[in-house]
Structures are given as structure tokens and as C-alpha cells.
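Let me give you the structure first, and then I'll get to my questions.
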Amino acid sequence: MDHPLQLLANGLVVGAIYSLVAVGLSLVFGVMRVINIAHGDFAMLGAYVAFFAWDWLGLSPLVSLLPAMAILFLFGAGLQRLVIERVVGRPLLASLMLTFGLSLIIWNSSQVAFTTKLRGISYLTEPVTFLGVTMSQSYIVGFVLALILTGALFAFLKFTAPGKAIRATSQNQDVALACGIDVRRARTLAFGIGAALAAAAGTLISMTGFIYPYMGFEYLAKTFTIVVLGGLGSVAGALVAAFAYGLLESFGTAMLSPRIAPALPFVLLIAIMIFRPSGLFGTSVADR
Amino acid sequence: MMQAPVFEARAVTKSFASLRAVDDCSFAVEKGAIVGLIGPNGAGKTTLFDIASGATRLDSGQIVFRGEDISALKPHQRALKGLGRTFQLTRVFPKMTLMENMFVASPGDHRLHERAREYLELVNLVDRRHEYASDLSYGQQKLLELARILMLDPELILLDEPAAGVNPTLLKSLLAFIHELRDTWGKTFLIIEHNMNLVMGHCDKVVVMSAGSVIAEGSGEEIQANEEVLEAYFGKSTHPLGRAGHGA
Amino acid sequence: MSTRRERADSSVHGGGSSWVAWLSWLGVAIFAVYVAFMLAAPWLVNRGTLSLLYLVLYFVLLAASWNLMSGFTGYINFAHVAFIGVGMYASAIAIADLGAPWFLAVALGGCVAAAYAAVLSVPLLRIKGPYFTITTLAVAEGTRVIMSSAFMEPLTRAGSGIPLFVQIGFETKYFAMLALVVAVVVVTYVLANSRIGLRLLSIREDERAAENLGVNTTRLKIGAFVLSAFFAGLGGGLHAMYLSYIDPFNAFHIKYTVIPIIMTFFGGIGTVLGPVLGGTVLELFNDYIWAHVLRLNLATFGVVLVALILFMPQGLLEWLKDRGFLPKTRRI
């Protein structure tokens, strides 16, 4: 088994990246009661934007991070305005199936466009050792960037007018409407921000691991566990749960037999659902 | 005459997080009575209904139905024992026909179709029995809900705001229906209602809840004269009957 | 006898004018013609087309078995492929390792899937709404991961998969699949026109109201879940012989959950013939796009799904019923 500090560091790094995906999913659910199955695919698309920027233009992922986020913001906001907005307020099943359809389109098209080859960016790969913990620079940069972006999201939600509009819409749409908040705009904005954060996560993944078209679905499965753990719709809960999950994965993989460790997220999710059907820190959600 | 109670809440208590929604609440409903349950918004009336019907579990106390403690039973078990309820906002099965709505509620097959038709006839909906429930008006859905409950052959019927959102004509037939069920079929009713004319005019007994507890119990006249009730509703100034004249 | 008249009367829309009553039997007639055609097909069409018809039947079976649980109760189950895959594995292991005859292997596939569903149902069916769907998605992925893990290798041979050789001919598999389709449609029909079926539907419509009307929703949901998994397992068990090689990636691929759901949505969720209609039309369509846009077939299904949700969320049959082209009957 690795040194506990090493496991702790690994867990925090993956937790930070998961948090970028998870807060967006939870934010979107909070604002429009839509579970976005295509959310993982946004991360995948962001990863490919960074990859091709590096492969074709020689841009470092740190440079392409912002354009990747901007592209996915526009993509997400456009998708929300054109398609997803039309199922807001309909039964959850409708939005679930709709975003599932979108996910199939994005994922299958990406398979054809990008092929299923595993890719990655070798960038800042030299290891750094500190307090007995060895880690490549890209991990450290990824960790710091993830923290900065999550921090920026919280500051945005707390201090800016559009951020407050998003929070108000999330808490009570009717009251938000009565206060003159343009809830439609808040939804589009929230969805775009969620997509942009997922794209940022994808960019960070592209320099710390492998990317492939199916990765969106795998990240989605983990993100579901995280978001359920944190309580659907709670952004702060998602953040805490993402780190908890990253640590659990890091220590769990080291301590459990690697033969069974990949099943961990699923076992965990099922266990949570059995014992706390509305999430660990859960604000409960109406049945329908 | 004094009848044995068919329903009793005994020291029922229920908290949500730090809020005591129902606090040591006790009262009884006698057989064959129409009892009104009133109180300001947030007094815990609907929570009490949820506890009685099994949707919410109580923290302490007992729900006694026909002399038996049913606090641990599941909602469907309570329904099968003869405790029926309706909801504040109607809960019909929208994409099922009226007849199908009726069939769901019947525990057995005995005279299924005849009974369903008979009860729909009572609420004047028999001609529409093959339409989807979603095609009915809101008030008609309330009537359907009431007719549907009868398929259970309940002893006690809990009605959550039957008059809300119902137009005066339909309300009249609804009230007539409730009286008929009580007078000729011996059903017992416990009714949450904000329409004070309805409560004072039609209930044999009124139970007043405030902040989760029963603060008064008695006939309509007694309640109208009760100082504590006035206070609970409006501070000291006005009386609930100040709202009179708008309802039935 | 008045009950008899009432029965016919009660399941049709608009109070029993006789042609409407007759129209309610239309679905039965159409399905009879469908089965007759499928029965005659081995003598009518070439082998390639017959393979396509076999796949049509397979997907109809998957869609109709999914519909038994999710169509009736409204609990959208994303774990269907777990039961298909478990049925495949049970059947493949029975044949490859135990030398079981094919029909016993198929039956075993159904039973193992049903047992798996029964075990899962106790915790799963306490979960409601979106959480149920998310959790079943996790169940499906978890089952795939566990079946491909080294931990299960002695039984499942993990990632390397199981080859199996079955001595029965293709036409036997074809007729067996047809028999399963007839069975699941008959079960759906009987259920849809029974009190139990109405109670299941009442869960979809409003579960709390159903409970307060004396419906034991938990027991019904478990029953429907197990029945649905049973047919999925039978289908998987039989299909394993068609594939003659199974591995976790293909046995538990998410598309075997998604495509049957889309098919059911297309035809009409919670109807008797919706899955048959959707499965047939979309599998033929799939074959067409497979030949023309080849690798974009899942994306094409995605487009169909998005269009359905936006423009015809209740599916073709309910859409026709709402517009009065079909009677509002549970026979169709």
C-alpha cells in the first residue's frame, strides 16, 4: 500500500476534478429540476477541445482552458435555450429521456469523429516530491486550477447579480419570478456555466489521464454518486461530496483488492440510496 | 346520545427537524358524526391527516381506529381497514377512465361494476364513466375522489379542504352528498375546511388546532364564543366568522 | 348477464357504441396477423431477412419486458440490461460448463434474472422518482463491472468471455424467440385488462393516492420488477445462443437498456402493443440506417428520442387514442 499521505494527495486531486463536474450537475438540477445525462459528455467535449488545440495548434492546456470553457458555455447555453428549456416543468422522465437522447447523439458522433482511441496530452509530466508525496506537476496545476474555478463559481453565485438570480431560482422559482428575476435567463446561464465547468474538468483530465469518447458516461456514473451523496441540487453538498468521494476512491482502491475496486462507486451509490434515499447531506426532493 | 369514538388521536406528536408540526394532539371522532378540523395555516391539520392515513410516521402517541392502535400500519393497510382520505389538491388517476379509477379502489371483485356505477351516479358522473379523469373539471375531480373512496367501503372518511376551488353549485351537491352518506349509510367524516360557514353549518363538532395542539373542541356555537380561538386566528380583533358570507 | 355487457362496455371510450366496442378488438386482430406473418416468414423470406426478423423479435421482447415494469408503474428502470446480461451468462454457463440442453439453459437464464431482480427489488423499490432511475443505472454499470472483475473470473471468465456451441439450428431459435414474444404480449394483455394491471397503472398515475386506496404498492412493484426481469433473462438466455460468444462489454452494454426504452416510448409506454409497434418499426429503421449511416446508429436513436420527447411524448398509440383515431382501451 502507498503512503497514506500519497493517497490523501491523490484523493484530493481527483476530488477537485470531480467537483468541477459535480457542482455543475447539481447547479443545473437545482435551477431547473433536470438531471442532465449529457453532463459527462460536456467534460468529454472539453477534453477534446483541449486535445486538438494542443495537437494541431500546439497550445498548452492551460491556454486552451479558457477557450474550451467558452466554447462549451455557448454550446450548453444554446442547447438549453433551444431544446432543454422546452421540458422544464414537465415530468422528470421527459428531461431524463431528452438529455439521454442528447447524450447518445454527442457520444456516438464523437466516437465517429474522434475514433475510440485513447488519447492524452503529455504536459508538465516531471514529478515533484514534497513530504514524501510524489506527484507530477500537471496534477498539482490541475488541483490548483480546479480549486480556483470552484472558488470562482461560489464567488459568482454569492456576490454577483446573475449569481444571486441563479440561487434565488434554485431555492424557489415562484418567489424568484415574483421578485422580477428572469428565471429563463438564469436557467440558460446556469446550464452554460455547468457545461463550462465540465469542460474545464475535461481539460484537466486530458493532461492528467486518458481521454476517449465513452469517458463522459463513466464520469457521469461517478458524478451521480457524488451528487446524490451531496443531495441533488445542493452545490456546496456536491463540492464536499466530491472530495469525500475522491478520498474514498483513492484509499478504497489502495486497500481493497484491485479486482473489485472498480465496483466501488456503484456499491456506494446503492448503499446510499438504501440508507438515505435523499442523499447524505440531502435536502429532499419531491417525488415527481 | 354518546357514541363510541371510531377514531382517536392520542397525544400525537410529530417534529420535522426543529419544528413541532403536531404537538401532543388528542381528540376523538364519534361514529356517525361530521367533525370539522379547523385552525390557522400551519396549525398541523394536514400533517395530522398524513399521520392518520399513514403517509407520515408519528414520533409518539397513537392513532386508534375502531378501538385498534393502527399507528404502525402502512397506508394501504389502513385503507383496507376502512379509513379513507382525500387530498387538499385532488389526486385522481388522470390517464385512467372514471370506471378504472373506481376499480383501483375496490379491495374485492364483489359487484364491482354495479357498485362503481352506483357511486358515480351519486355524484352525477356516471355518463362520463369512460372518459379519462383528466377530462373532468377540478370540482368534478373532487367528486370523483369522494365517489372513489366509497369503493373501499370506509367507515371514516378524512376530507382535506373539500370546498377549496369548487364552484357554489358543485359545492352544494358535494355537501348534500356528504350528508346523505352520513344519514343513510352511517359514514363518519373528519373534515379540514377553511370555509367557516360550511364548518359551522354542517359539522356536529368542531376541533380547533393551533401550533400543533388542540386548543378547543365543541359545537359550532361553543367554538364561536371561545376567546382562545379568536386569538389563535386573528389576535384579538376579529372572529373567523368575519369571513362568513363568502362561502356556501 | 349484466357483468358481461359491462365488461365490454367498461374498457371502451365513449359509452359503448358497438363499432367502438369492435374497434377495441382491433389490436388483438393486428397482433394475430403479426404473429401469423412471423410464423410463416421462414417459408416466405430469405435467410438474411429472417435474421433481421429474429432481431426484430428480440428487441420487441426486450421492449415489452421493460414495459411490464416501467410502462405500468412509471418507475423508469435503467437496469434492464443487467437482467438481460445475467440471463445470457446463466444460460451460457449452463451450456458451456454444465452441458445443459438449450431450453433448460434459457429457462435458467429467466430464473436467475428473476432471482437477481427479487434480491435487488427490496432496497431498490423503496427509492422513488429520479433517484430510482439513477440508482438502476448504477446497478447496471455495477453488474457489468462485477461480472468483468477478476473476482468473478472462475465463473464468468471475466473479460475473455464465454464461447458456446449449441447444436440447434437458427430456425429453432427464431421460433423460440417468437414464442417468447407471444408469451410476453399475452401476459401484458392479460395484465392490462385485469384489476392488478389497473393497480400497477395507479402507481404510475399517483402512488400516494393508490396507497391510500388500499393498493399494496410495494408488493405490486416487486412483482412487476421480477416478472420484467424474468422475460429479459429468458430473452438474454436465448440470444446468447444466437451470439455464440458473450463477454461483459457486449452483454451489459447500455444500449440494450436504452434502445428498448426508446422503442417503448415510440410505440406508447404502458400500452399492450406499443412495444411491438416500436420494436418492429425502430429495429427495421435501425437496420436501414445501419446500412446507410452505419456507425451513427446510436446517434440516430438519440435524434428519434429527442424528437419524441419534444413532439409526441406519450408515444404513437396514446397519441392516436387522444385524437380519437383509436378507442381509449387497454386492449391496444
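Letters A, B and C mark the chains as written, and numbering starts fresh at 1 in each.
Everything that follows uses one rule, which is that contacts are C-beta pairs under 8 Å (C-beta built on N, C-alpha and C of every residue); 3 or more make two chains touch, one makes a residue touch a chain.
In UniProt terms the chains read A = Amino acid/amide ABC transporter membrane protein 1, HAAT family; B = Branched-chain amino acid transport system ATP-binding protein; C = Amino acid/amide ABC transporter membrane protein 2, HAAT family.
These figures come from a predicted structure and were not determined experimentally.
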Most distant chain from chain B by Cα centroid: A
Best-connected chain pair, where connection means C-beta pairs in contact: A-C
Chain with minimal offset from the mean of all protein Cα atoms: C
Chain centre separation (chain A, chain C; CA means) in Å: 33
Distance between the centres, which are taken as Cα means, of chain C and chain B, whole angstrom: 41
Rounded Å distance between chain A and chain B, as computed from the means of their C-alpha atoms: 47
Interface hub residues of chain A, defined as touching at least two other chains: none
Residues of chain C engaged with two or more neighbouring chains: 208
Sites on chain B touched by chain C in the complex: 53-55, 74-76, 79-80, 84-85, 87, 91-97, 99-100, 103-107, 109, 113-114, 117, 127, 129-132, 148-149, 151-152
Chain A contact footprint on chain C (complex, rising order): 74, 76, 123-124, 126-131, 133-135, 137-139, 141-142, 145-146, 149-151, 207-208, 254, 258, 261-262, 265, 295-299, 301-306, 308-310, 313
Residue ranges of chain A in contact with chain C within the complex: 35, 83, 86-87, 90, 92-94, 96-98, 100-105, 107-109, 111-112, 217, 221, 224-225, 228, 232, 257-260, 262-263, 265-267, 269-270, 273-274, 277-278, 285-288
In the complex, chain C residues that touch chain B: 2-3, 6-7, 9-10, 12-16, 195, 198-199, 201-202, 205-206, 208-217, 328
